[in-house]
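Chains here go by letter, A, B and C, matching the order in which they are written, and residues are numbered from 1 within each.
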């Protein structure tokens, strides 16, 4: 039998090898294309509007005159609205997540229904949230009109499911041995949760919240229905004031037929991307920092 | 705390409540007209043929899926079966960055770059102008690539290593293991990814509005401008329609359809994910 | 070439020490030091100073042995001693683990398994593997067996049918499943699934079948059937089996390798080491090494 020299050369047939090569090439091209696209978008935007970037853009208000047009009102509007939305959504979301993970009966109908609800809410198109806002908050029973308050509530509804899901995962990541150790020392369930589980889950929740917030900043469709596309030249003054947001300011300038305003829209996009980049970076840094602290 | 969770319930209830009554009211008025082919609810006299919205939505979402499925799945397979640990650490965040690009920016790119420089120049059929369904489809496709990539990657990565090893032990190449065994085993998760991506594309408003325009043209040519159900809602909602008017109610009618379709798709998608988790976790 | 060197080696050691298990030659074992590895004529595997590391962690080292053909060789030892790791190097399954590195020389007949020009795909076609937990593909029974042949060639349907039938018969599973070849393999019992995995390996006509604790997830009756199967299979294939169960090793194998974990007291590193490789009969009655004796008599767990 094996008195001849054995060869371990590949005996894979040619067509298999061709397919292997073609497949690997296809995979690589896909990944490279995705990466390249990100750079290409930024490159085109910068090419188009990079020269406009200056603090003026951020300090000027929108105007029909290109030389004095800027984004201040929309940036402030975004900050106000997303700020309030976070203020509304985070406590509710965190408490819901805590309830579901720590205090709800694991097998009853109500809990299952609630979980199903949250999962589905996460997939509802953004524009539908705008519709509810229109029906119930801006008009309808609350009739707050097209104000910062209405917008904040709509955005809060949008990010609520995301915060719940992320917080639940952060809570689940806390090793049960922490809690069990506390209980074995005579702590009540609530004490164990408040002193051990919650603090341990804070970093994960914070990171997730930052990500939810960055999503909210980029949303455009729901607030289209809430009057954010109007020409707003002032910063928000309160929950009852008019407003606009950065994505929609971009939208508005982009729809303008004059080319200078289209360039302004590109500049606005760069600002928006920069803000998002900063937020995501801080989320990553936060996560790394807390991971390092934990492993010391 | 339990009261906080009630808020979540309220939100869902709210959605349903806002949509159903207005829809019914509208339906009463327009049932006969829905099957026409002219969609002009905001004009007088209003017309309510749903066909243009349906075809517009169908064409744009289809183009998006045609773009996103190959690239998304390729990325997923790359991540789960081809990438080394370090390569994975680099590529996954890149896909997250892609996922983080706001729809306005994608719409802008479609309007300023894709439509004029690619579609208008190279699309052979008809006379593409500033707004095209093809451009909207392409950008929506880019939007949903990360959804397919991450959900499918989760599914494929969960396929136990033992199954891959068994296939390798039979003399299969990496491609054969990835496509004939792993993909097969993780199929329900991959299907979930496709369904969820489809639902997202279905509900996308801003891109369709910016890139495909707001004219509900009934056509089969992606080079034409079109309106989708989602972009109609966005478009109609900008103005200040009178509460209770049939124009106002139309927005809610279309909204109901949108909500129902995406709800069913999401439930379906999540079911597939649950089924997948049962098997492998 | 290799034949000549093998013959001279064989002549160095007593000529009766052959690949098929035979009477322990008291003269040869008396003249052979315990640390000198058993030599065979034309061994299937030859390992010299083999070590396996994952990054900085050395899982097993200093392995020198030859594995005979057409026989069953068992790897035994307490958990964590690296026997599974070593088994996996024999068909380059460790390649799939990032950071895994194999040192020393590992020859399959006279070919270097880890030579840059050696194709891992070809290696695995010739050296098959059955795993601890039965892992049939989520396909039909027929498709499970057909996977290997289909991937390695373009067999016609009639050829495939033959291969499937032959493999299932060799694995003593044909009678139980011949009427339900198109049903899902996941519907079989644990023991049946494992026999299916064996049939699946056989279908690509390997020379060697590696088995990594194949019975540890099965009940005693299923285990027995597989052990009977192994006795049949060794007529045609070489089998190397890792097992936690000493009695199983004693029952089925002709040669046994015993490993332990050595702890380096200064660095606190644990590494698996080959302690003894011997004919099974001898290992379980008068082993050469005292650690082996402690293990097989139950003094060491």
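Note that a residue touches a chain if its C-beta (ideal position, glycine included) is under 8 Å from a C-beta of that chain, and two chains touch if they have at least 3 such contacts.
Since this is a predicted model, take the numbers as computed values, not measurements.
K.L.:
With centres defined as the mean of C-alpha atoms, identify the chain lying farthest from subunit B.
P.N.:
C
K.L.:
Counting C-beta pairs in contact, which comes out ahead: B-C or A-C?
P.N.:
B-C
K.L.:
Calculate how many whole Å lie between the centre of subunit A and the centre of subunit B, each centre taken as the average of the chain's C-alpha atoms.
P.N.:
The separation of the two C-alpha centroids amounts to 17 Å.
K.L.:
For subunit B and subunit C, what's the span in angstrom between their mean Cα positions?
P.N.:
51
K.L.:
Residue numbers in subunit A touching 2 or more other chains?
P.N.:
Expected reply: 12, 16.
K.L.:
What positions in subunit B touch 2 or more of the other chains?
P.N.:
Each of 173, 176 in subunit B touches at least two other chains.
K.L.:
Of all the residues in subunit C, which ones touch at least 2 other chains?
P.N.:
121-122, 125-126, 151
K.L.:
Inside the complex, what are the residues of subunit A that reach subunit B?
P.N.:
Subunit A reaches subunit B through residues 12, 16, 19-20, 23-24, 26-28, 30-31, 33-35, 37-38, 41, 44-45, 48, 91-92, 95-96, 98-100, 103, 114, 116-132, 134-136, 139-140, 157, 160-161, 164, 214-215, 217-221, 224-225, 227, 229, 247-248, 250-251, 254-255, 262, 265-266, 269, 272-273, 276, 280.
K.L.:
Inside the complex, what are the residues of subunit A that reach subunit C?
P.N.:
Contact set of subunit A toward subunit C: 1-3, 5-13, 16.
K.L.:
Help me check something: in the complex, which residues belonging to subunit C touch subunit A?
P.N.:
1-3, 42, 44, 69, 108-113, 115, 117-119, 121-123, 125-126, 151, 153
K.L.:
Show me the residue ranges of subunit B that touch subunit A in the complex, using the header's touch definition.
P.N.:
Touching subunit A: residues 1-2, 4-5, 7-9, 11-12, 14-15, 17-19, 22, 70-71, 74-75, 77-78, 82, 91, 94-98, 100-105, 107-109, 111-113, 142, 145, 173-176, 179, 196, 199-200, 202-206, 210, 230, 233-234, 237-238, 240, 243, 251-252, 255, 258-259, 262-263, 265-267, 269-270 of subunit B.
K.L.:
Given the complex with subunit C, which residues does subunit B contribute to the contact?
P.N.:
Of all residues in subunit B, those touching subunit C are 84-85, 160-173, 176, 180-181, 184-185.
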